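Order of writing sets the chain letters: A, B, C, D and E. Residues in each chain are counted from 1.
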Amino acid sequence: MSREVLLVLGAALFGIGVYGALSQQSFVMIMMGLELMVNGAIVAAVTLWSRAAAHSPKGQLLAVVFMTVMAVEAAIGFALVTNVFRIRRADITEKLKALRG
Amino acid sequence: MITVTLFLPLLGALLLVVLPLRGERSLRVAAGLVALAPLVLLMVVWSRFKGTGTFEQIESAPWIPTLGASYMVGVDGLSLALAAMTALLFFAAIIYPVDWRGKPKAYFALFLFLETASLGVFLSLDLLLFYVFWDLSLVGMYFLIGVWGHGEAARRSALKFFLYTLAGSLVMLLGVLSLYLSTAPHTFDMRHLIATRPLDGTGLAATLTFSGFALAFAIKAPLVPFHTWLPPAHVDAPAPASTILAGVLLKMGTYGFVRILLQMMPQTFSRLALPVAILALVSVVYGALVALAQQNVKRRIAYTSVNHMGYAILGIAAAAAILPGLGGGFTQTRSLALTGATVEMVAHGLITGALFLMTGSLWRRADTYEISELGGLARRAPIFTGLAAVAAFASLGLPGLAGFVAEFQIFVGGFPVYPWLIALALLGLIITAALFLNLLQRVFLGPLPERWQEFRDLDRGEIVSLAMLIAFVVVIGVAPGWLLAVIDSFVRPLVTR
Amino acid sequence: MRIPSEGSALAMLALPLLPLLGAGTLLFLRGKRSVLPIIALAALLLTLASAVWTALSLPVSGWAWGPILGGRLAVAGLGRMMVILVPAIAAPVVLYASSSNRRDSGFARLLALLLAFVGAMELLVIADDFLALLIGWELVGACSWALIGYEWTDSARPRAALDAFLTTRAGDLGLYIAAAAAFAGTGSFRFDTLPQLHGTTAAIVAGGLLLAAAAKSAQLPFSPWLFRAMLGPTAASALLHSATMVAAGAYALARLAPIIPVPWLAPSIAALGLATALAGGVVAVLQTDLKKALAASTSAQYGLMFVAIGVGVPAAAGMHLATHAAFKALLFLGAGIALHATGTLELSSLRLGRALPLTAITFAIGALALAGVPPLGGAYSKEQIVAAASQTGLFFTAGVTAAASLSALYAGRLALLAFGPDPNRGEVRPPNGAVTASVLLLAGVTLVSSVLWFPGVAASVAELMGGELAIGEGWAAGASLVAIAAAGIACWLLWRRGDLVDFGLSPKVRLPVAEWLGIPLVADMLVKRPVLTLARTLATMDDRIIDAGVRGAARIAGYVSRLFGHSLEQLVDAGVNSLSTATRLVAEASRMADDRGVDATIEGAARGVGAVGTQSRRLQTGLSHQYYLIVAIGTVLLIAIASLEIVATHR
Amino acid sequence: MSGMTVSDLIPELALLVGSVVVLISALFLPRRLQPMNAALALLTVVIAVVAAASLPASLKSGFQGSAMHPWQHLSFSGTYAIDSFAIAAKVIVLSVTALVIALSVDWFRSDPRQGEYYALLLMSALGAITLAGAADMMEMVLAMLLSSATGYVLVAFHRKSRRSAEAAIKYYLLGALTNGAMLYGVALFFGLSGTTVFSDMAAPLRLAGALPLVAAWSLVVVGLAFKIGAVPAHAWLPDVADGAPAPVAAFVTVAPKVGALIVLARFVSVLPEDGAGWRVVIAAVAALTMTLGNIAALWQDDIRRLLGWSAVSQTGYALMAIVALGRSSLALPALIYFLAAYALGNVGAFAVVVALRGRAKRERYAGLARSHPWLAAALTVCFLSFVGIPPLAGFAGKLTLFGATIDAGYTWLAVLAVLNSVLSLAYYARFLGPIYFDEAPEQSGASMDRTAAGVAIVSAAALVGLGLGTDIVFSALANSVLLR
Amino acid sequence: MRVALFWMLAVASIVSGWRVFRTDSMVRAAYWLMASFVAVGIIMVQLDAEFLGLVLILMMAGEMTIMAVFMVMFMMNPAGLNPMMMVHQHRASIVAGVLAFVGLAGVGIFARFPEPTLRASGQVTAQLGHELLGDSMLIFETAGVALLATMIGALAIAGATGRFGSADEGSQEPGEA
């Protein structure tokens, strides 16, 4: 359980998240990609707390902050996706291109 | 006094907007009265002027002390001459009748606003203040051309003018900043910059700064090849706006060459004088030739501005080329060249101003600027013809009129420095003669076509305006002593220092 | 030099100012036709009186415009004679004009311009430095423009005036240069510093002066402008050819050439003068228009004066200038009467001797003087020139003699053809009293000039002009008289044979020579047309091609942006397509190089940038996932730039 | 531990309390009186502004800040900065908020949930000002979260508007992505320095390797780039300006930007000067942002989109101050002044749109100078201020920014900014042309929102006043030090 | 044993994370995501962050359930159970994901992080509490406000009715009315 392995795990989760966020058409699936990115960040934060940063109590707090961010984004995200689906019947990015140029 | 002079037109503009004046006539009278005030005040300033060789009658107030910028105005020989010319030209242009398009109030207000901006450029002694007025003049002119110009094309011309000259002025802003940053503590005070010359020399920074300024002023003046904004702006502008554009706004470019480049960076200028002079020469010859080929009255006159401003900058470059101390023998010729360039600014303002006002009269009556459609007008309009002839001869440099006093001094002063350039520049004299006499001949002489049988001669208002300008052209041509004395108070210390 | 009194200095200032003020007054009172001639003549007479006073008191004065710039005036040297000559000749001419042009709508203008012409010439004459000279010089030119274009409703006349003005102004540039060089060399414009000049500066002054004088005095190759000037009214021609304008060149040279230390100046003047005298003679002989023939003779006579100056006897030139002024004005007024009488100036259809006997006699007096027949003054002054030339040797003597005989030939020809007897001639419009009086006045002056032949008179006249008489070789005088006589006889013989009009030459040969040896055509081809073409080309270029450069640059930017703008997908795949794109770009560029002519001003730039704008807006597809891709690419770029920077700074 | 005084947070607390009060009043006020919430919100903002502006006076002593400003200090164990720049940013954000509230009264009058709107607006402002004071990575993340989360909702607030919904989801998607990236960057920073407090980070970071540092700060910068609308995370700005309710557009294009730029300044000043390469990258971002914004704005026929793109370009200019940070003492005062000028101009321009009930198309502005001369004048002043025409406030802002940039040795960036300013005139004049040079079609008789018109005129007048009174700002900020 | 468990969990979290985007239906994708988070949560417990790990697991369980329900309720994909595979800009996404992974993994492997000076003791959770109410109180407060704002905001958008009937009525631009 070395620091390096843990960080590679975090990077992998983050990378998969990036891939998902960029490749998925559906808003909900994109949000899953975004969550995976944050997941990777949480792994990195906890790892660096545990394996590098001298157990500063801020490390744990950092993870809490990240989770807060994740929760808030998920909540607002659901609300917005619901909203746009209600108004526009749009569930994928390709359906929203009225605003451009 | 100078502050009052400067802001009176602006105040008048605000009053015009606010007061319940209606009707073109009463507005014109009111605006005329407001515009008369700076002229009178500047006469007072002139009478108090001592010619000490430095700035006089300075008035200042703190503005942005943290940045080293202040409100400071004052006059020396150069700025006094140009400011007086500006006030005169504005008075003549404001009372000149045009088609106000049903918006006389806005027209006069804008014109007075432009007067404050223009006077401010010449009277400011703070570089930042100078820039402020410089830019404001663009805004005023943009709207004048756009709203009261001729047709659809006017908008494009206005925009082109605004964009092109704003590009120039922003480049100048970089130069201003460069000068500013070279002082310690940082200041925009022009007197300080002239006295200490913090960025003078041959370094990269000085060269770049000089180039930036020179580009800005070359656009404004304009020198070939930065002149392409000028013809459309002139053609599409209402005549009084053309008058101000040619008579006042172009002078800002040449004024900058003297005030900033020559006074603040003389060493750099002396090293780069030759390219500037060559550019000026090209403008002289090229401007004259292209003017010769124009078939539109206003375009033709517009291009002669390129020619005349070329003379002015040639004179400035010749004066700048040699540093005092290196060639003591050149003091007199440098002095002549610079004096000539300054007189050229004043003379060109009056002459070309008058010519452009006349195109306005032409447009009011004939609705065209095409030379080929005109002819024989002298039969119906002898006064118009006479005034046009005097103005044309003045512009082509006939002795006894203002243009000669200017150009002769430039030639004589520039000759020892750049004999070949001056010799080639003389060709401009003959080309301008050709183009102006050809213009007179084809517009006013020859048989009168049927369609102009009802052509009216100038009315009283137009005559007053024009006669005033022409009178000064003649006075400067015959007895320029009063003007040369004021200019000399500025030139002499500069060439001997 | 005598110290002039205050009054005489004022009188000198009055010389130019009186006529100019008179001119102003005339224009102001233009409605009252009856008083106009009186005012004009009064002004001239007052000027004449002032001139006499100043010629005796020799004042020096000046004015200051600024600390450096100022003019200097003096009546000196040849000027003593000139100040008097100008108003003296002008008075009869004005008298003529006030009668013959009385019904013109521009009557006041004509008289005013004639007065102004006199004033400007007086200023030129009293100039004692280059600034004053230049002012007078240019003003004279401007007046000539206005006079030639006097009848402006006929558009040919203003055009001719323009040509004449441009030709002389081209020469004026020489004076500008001379003034500038003189100032550069001596630090002042004053004539009395000219001897200090040396080297290149002196040469420039000399060259400029020669150029200016040649143009004003209608020497080669500028001579043709005098033909165009013929479109002006008769009075203007008379004045322009005699005492003003054309005289200025010879006057300035006579005054300045001796004091400019340039060795080649004098020979050049002489050579130029001789060439013009001969060429002008030939042109005058072959010309069939009375006024044009007279004009050519003017060039020729001034050529003779140039010779005199060139060989170092300016007094002879001055004397000939004076006699020539009188008889040439006389001849022109005679031509004017002929025109008035018949409506034509064609020599083949005049022969007014019977119809206008008095005019014929006065014309004959003028012609004899022109021919150089003693005892007229014109003959004396011409003999002086021959004498002067003979000092330098055979070449100039022969040349001048030939020119003299040519002048006798054309003088006789003109007199015979214009005012010879023609039995078939019917009634013509006679000249009125004032016109006749003016002609008689000038004829009188011409006759009076015969006093030059009295011993001592000429010498004192020469002294008055600050010079000396030429002591010539006796044989030269004899030779020239013989040549003149021979020419007279030849003329008579040809007249009898009826070949005097065209000498039996076909028009194909005669006309090009008569129209100044084709110089106008050449000038048209070599100067006017190229300049106009250049002007038009530049104007077109100004509208199009300069901007085309700007536009081209902008377009390249447009293409580049299009390359990037197609879509983000393609941006990622751009590597694959880059080769074909590069090929396309080259193709586009070469097409662009081919493409011009769309008129685009600086808006071309705007258009170019605008194209970039349109392209860059395509980045904003409105599709969120492509925004994501921008973020991803941007982040990679950020890191790449930072890494490069770090690598660069660590190296 | 000393600085944990509640008195440092009076403006923030005022906003929080105010938003709760607004929420409660929204629950009880009858429908007719719902617009009263605006008055409550306005009152809250006014209290907050006064509190923020009087912070220096109330904190006069007891801290060892800089000599000029002894009251400056880091509060809450170094996580929150109380300094001149934070206070200036608060004043700007809160002033904008006040103006936006005035714009919203008529615009949202028919909306049954306007109470929540004002509460969220206050919270969003709270987020923006907290951002300006944040001196800790986590505080920064959470302030951004507060600002963003409320921003998404505000943009989506028109429940019947298709454009509003689209703008909101795009705003959200871009924000969430960049936020995710930033979180990873923050984690790395924590690892590299062992802390998240700016003031403790600088020293350990000097020992960190260059490339990990680059990765870390790049990710954080991407997150902040989203907030300020800089390349590469700029894409939301035009869409939001176009689609959002106009008052909201006026708010979200300005307020978060002000806070985020201040925190960006704090953040980059933590980074080591050598070996991090951040200055060049920010310069590149600035260059790209201003150029892209201006070029894309060139042919816009919709004033709201135009303002969105111009907001992008203004971000580019503002970033010049970050480039000059630490090298020119002018940089931060210039930034503050520029932001104030920009904020006023932007609110003023949107106020014109609001006053015309959302009128956006260029052709519908023809003849505005005749039909609504004062609105036309206000819009002109705002536009010319954006261009940088003196004596409007935008001029001195650009002047000092250019000066600072040249001073910092980035002359090329200043030259580019100059070219961009010229370019920007082209599209502003493209709107001014029809306004002044064309005749109006026939009057559609559309009513005008007088309050919004007032806001437009007040903003324009403030631009003139601020331009003439430049020294007030610069002398107040003279010798101030950015705390970190 | 701990190590083997760790490796299992690590592989599980990555594989299930990958499966999120390689599955037929959104509901399944949601549960794959939850699986990934649960694995990470257990790893966090292994790393002495017991409290955080458990919170993460609980949070994600709740969230993913909501997500699944949400999809069943709203999305066009009836019951969210039908097979689906909807991607765009696939190649570019792969490149971006790989770049992100390689870059960050490289940082994780090669960067010089400080070595821990002491092991986590049993009081880590207590430490967290002290930090929350001590030095980082402001952060805690800010997080609270953010959550409050989120609640208000989400309700404002998602709630269909309010005190005054339909929330939609009148919620539009004045110019569009």
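Everything that follows uses one rule, which is that contacts are C-beta pairs under 8 Å (C-beta built on N, C-alpha and C of every residue); 3 or more make two chains touch, one makes a residue touch a chain.
Only a predicted model underlies this, so the values are computations on that prediction, with no experimental measurement involved.
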Joint neighbours of chain C and chain B, given as chain labels: D
Given chain A and chain E, the chains that contact each of them: C, D
Which of A-C and B-D has more C-beta contact pairs: B-D
Chain at the geometric heart of the assembly (C-alpha centres): B
Most widely separated chain from chain E, with each centre as the mean of CA atoms: C
Relative to chain A, chain with the most remote C-alpha centre: C
Rounded Å distance between chain D and chain E, as computed from the means of their C-alpha atoms: 29
Between chain A and chain D, centroid-to-centroid distance (C-alpha), Å: 26
Rounded Å distance, chain A centre to chain B centre (Cα mean): 64
Rounded Å distance between chain C and chain D, as computed from the means of their C-alpha atoms: 72
Of all residues in chain A, the ones touching two or more other chains: 10, 14, 17-18, 21-22, 25, 30, 40, 44, 47-49, 52-54, 58, 61, 65, 68, 72, 76, 79-81, 83, 93-94, 96, 98-101
For chain D, residues contacting two or more additional chains: 138, 142, 145, 149, 152-153, 156, 159-161, 169-170, 173, 177, 181, 184, 188, 191, 194, 211, 215, 238-239, 426
Residues of chain B engaged with two or more neighbouring chains: 163
Chains touching one another, given as label pairs in label order: A-C, A-D, A-E, B-C, B-D, C-D, C-E, D-E
Chain B contact footprint on chain C (complex, rising order): 64-69, 131, 134-135, 138-139, 142, 145, 149, 152-155, 158-159, 161-162, 165-166, 169-170, 172-173, 176-177, 179-181, 183-184, 187, 204, 531-532, 534-536, 538-540, 542, 546-547, 601-603, 606
Touching residues (chain side chain C, partner chain E) in the complex: 568-569, 572, 625-626, 629, 632, 636, 639
Chain D residues within the chain A interface of the complex: 137-138, 141-142, 145, 149, 152-153, 156, 159-163, 165-170, 172-173, 176-177, 179-181, 183-184, 186-188, 190-191, 193-197, 238-239, 242-243, 300, 305
Complex contact set, residues of chain D against chain B: 384, 387-391, 395-396, 399-400, 402-403, 406-407, 411, 414-415, 418-419, 421-422, 425-426, 429, 433, 436-437, 470-471, 474-475, 478
In the complex with chain A, residue positions of chain E that touch it: 2-3, 6, 10, 13-14, 17-18, 20-21, 26, 29-30, 33, 36-37, 40, 43-44, 46-49, 51-52, 55-56, 59, 63, 66-67, 70-71, 74-76, 86-90, 92-94, 96-105, 107-109, 113-120, 124, 127-128, 130-132, 136, 139, 143, 146-147, 150-151, 153-155, 157-158
